[in-house]
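Two complexes follow with chain A in common, the first pairing it with chain B and the second with chain C.
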Partner chain A sequence: MTALRSNRLALLAAATACLLALALALVFFYAPLDADQGFVQKIFYVHVPSAIVALGGFVAAGVMGALYLRSGNPRWDLRSYVAIHLSVIFGCVVLATGSIWARASWGHWWLWDEPVLVSFLVIFLLYCVYYPLRYSIDDRERQARAASVFAITAGAFVPVNFIAVRLAESFTHPRVLSQTGGNMPGEMRLTFLVALAAVALLYVTLCRLEIAAKTLSAQLSELRRALESAHVGALPGGPRARRSQAPSTPAASTGAGG
Partner chain B sequence: MPALPLDEAGKYVAAAYVIFAVLPVIYVAILASKIGRLQSEVARLLELVRDERSGR
Partner chain C sequence: MTARLRDQLRALVAKDVRLELRSAEALPAALLFALSAIVVIHFAFQRDTLAGPLAAGAFWVTLLFAAFLPVTRAFVVDSEQGGIDAVRLAGVDGTTVVAAKAASLVLALVAVETVLVPAFALLLLGPSLWPVLVPLLAVLALANVGIAVVGAVAAALAALSRLRELIVPILMLPLSVPLVIGAAEATAPLFSQTPGDLELRWLLLLGLYDVLFVAVAVGVADHLIDE
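And now, the complex of A and B:
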């Protein structure tokens, strides 16, 4: 079963690498240069898909949090945690690539009066609070419940924020998914969709990798405990020695599988 | 602002793509080292269990 899962992960990683390579080839050899921005517009193909995937991941984490509260199954809590973790990493990519693009295109690293930029930063900072909130609670069940409530509330905030930003008047940042900004030529649209699929697949692959690592860690802890209580005694570096300092991660309360 | 010439725009595009590539690579490297630690711990536990069995 583990070998099957590991094979599936390897296949997923290979598919991600192929799709990313295809996306890069399309970006640099197929998509035409933008008439207005020229070569700098190529940043669009990593910046926008990363933003869509990060925001989608935040919403998905909220749904998983709700599933945890409904079922009490710690696997949903683990998935919600991993989705937020990866969305924060993708959020870093969005902020960094966006700043570079802004500098090249508008001559500024950041514009505080631009609703799209500031709203994304607000969402990003909101999710940065997730970690101190989660790890400030020692009891694992309470920790998972509080984290799930946070994931649901913040996840509901993401689409509300998106709609509010669409309603606001934008002076500088282009609208990608709209009647005017969305009118890309066919080659650009195809390249964008392939890049979006590649980034989404990268997100899923990294999620599965982290879930596999955390599940393995939880299984190992369980094995240690079983060995300790059976006959081997206190193992070097085991939970008895580490219990006082080990932070409680969602995997620690997760059973086998993931 | 007018479009930047290719030589100047190239720096920005390269920087953006390097960030996009480097962050996931760092993440995977951290995970790989963690999985390596877990594997060595599994090997140590296995050795302890075998020692325990042979000691009986």
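And now, the complex of A and C:
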């Protein structure tokens, strides 16, 4: 079962590497240079897909949190945690690339009249609270419950925040997914879609990798605990040794030390 | 809403009001904070009077920060004295407990605003408040519901955590951004030298925020309170 899972993960990782390589090839050798912004516009193929995938991850984490509260199955909490964790990492990429793009295009590292970037910053700051909240609760069940409630509340907040910030600010940022598609020519659109698929696949692969690592780590801790309790039970004066004291065979407490 | 639920809600809100009246902890602190903030704003902005968007921003930041105090204290007394356990043993569900906290927070916010609005008008606001009092009250009412509901959820989450009072502001500030946008944009023309009309889209935004977070709170509240 574990071998099958690791084979699937290896296949997924290989597919991700291939798609990322294709996306990079398209970005650098196929997509035309932007007439206004030149080479720096190519950061768009990292920035926008990362933002879409991160936001999708935040909303998906909310759905997984709701599934945890409904079922009580800790796997949903783990999935929700991993989705938020990776979305926060992708969020760092979005903010960094957005800032570089803003500097190159508009001459400023940060623009407050740029609603998408500002909305993303607000969402990023909110999700950063997930970690202190989660890790300040010791009880596992309580921790999962609070984390799921947070994931649902923050997931619901994402769209309303975008509406509010967009209403408040002017439209400086190109609207990539609008009806006009940001006036992208066909080559740019194709490159963008491949880059989006590659970043989405990278996100899924990293999610599966982290879930597999966390699951294995939990299994290892459980085995260690079981081994320790078996070892303690076998020691002289331990529960198993006390149980075997009745027939007074001194060798009864040995043999479990390995 | 059933009669039993209404009675439970009323009893819990009355309990919170009585506790606050006896202890006089969160509300006087919030009032003092709001008044002190007006003085600090005067010196920080180096202005004798404010108007328009600047006045709206200063007012809503003061109110939001003052609201953190009652929100932070919302579950503290209950958690320390075992009040929530007693309420749960009496057969009250988590949703009713959180709804009662939100209602208590609305009352606390109204109390803060009863002092803050006249003090702000008297000490800092340039234009007169009388002609725009009714639309301002409409904005305040919608904002109060949003702050109280989000505050009740944040306070309940904080009560589960070891960090408690540290969680409330860092959680509530980003969550309140859409609310502050709607409230500040709605009140900016009201606080102008030549008062403009209240724009409907900002009231709709505040209404959407309230409806969304009331729905979220109803959905998650039962999981926020320990059984």
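Criterion: the second predicted complex is superposed on the first by the 217 of 258 C-alpha atoms of A that agree within 3 Å, B and C clash if a C-alpha of one lies under 4 Å from a C-alpha of the other, contacts with A are read in each partner's own complex, and residues count from 1 in each chain.
Rule of thumb we're sticking to: a contact is a pair of C-beta atoms (placed from the backbone, for glycine too) under 8 Å apart; a residue touches a chain by one contact, two chains touch by 3 or more.
None of the values given here were measured: they were computed from a predicted structure.
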- A:Leu133 contacts which: chain B (first), chain C (second), both, neither? second
- Query: After superposition on the shared chain, which partner residues are touched by A:Arg208: those of chain B (first), chain C (second), both, or neither?
  - Reply: neither
- Check the residue A:Ser105 against both partner chains and state whether it touches chain B (first), chain C (second), both, or neither. first
- Can A:Ser50 be said to touch chain B (first), chain C (second), both, or neither? first
- Message: Let me test your reading of the model: by the given contact rule, A:Arg225 touches which partner, first (chain B), second (chain C), both or neither?
- Response: neither
- Item | Larger contact residue set on chain A - chain B or chain C | B
- Query: Does chain B (first) or chain C (second) touch A:Val93, or do both, or does neither?
  - Reply: first
- Query: Where does A:Val40 make contact in the superposed view: on chain B (first), on chain C (second), on both, or on neither?
  - Reply: first
- Query: Which parts of chain A are in contact with chain B and also with chain C?
  - Reply: none
- Interfacial residue positions of chain B with respect to chain A in the complex: 1, 3-6, 8-10, 12-13, 15-17, 19-20, 23-24, 27-28, 31, 34-35, 38, 41-42, 44-45, 48-49, 52
- Task: Write out the stretch or stretches of chain C touching chain A in their complex.
- Result: 153, 157, 160-163, 166-167, 170-171, 173-175, 177-178, 181-182, 185, 201, 205, 208-209, 212-213, 215-216, 219-220, 223-224, 226
- Message: Using the touch definition from the top, list the residues of chain A that touch chain C in their complex.
- Response: 66, 69, 122-123, 125-126, 129, 132-133, 136-138, 142, 145-146, 148-150, 152-154, 156-157, 160-161, 163-165, 167-168
- Considering the complex alone, what residue numbers of chain A touch chain B? 34, 36-40, 42-43, 46-47, 50, 89, 92-93, 96-97, 100-101, 103-107, 202, 206, 209-210, 213, 216-217, 220, 223-224, 227, 231-232, 235-237
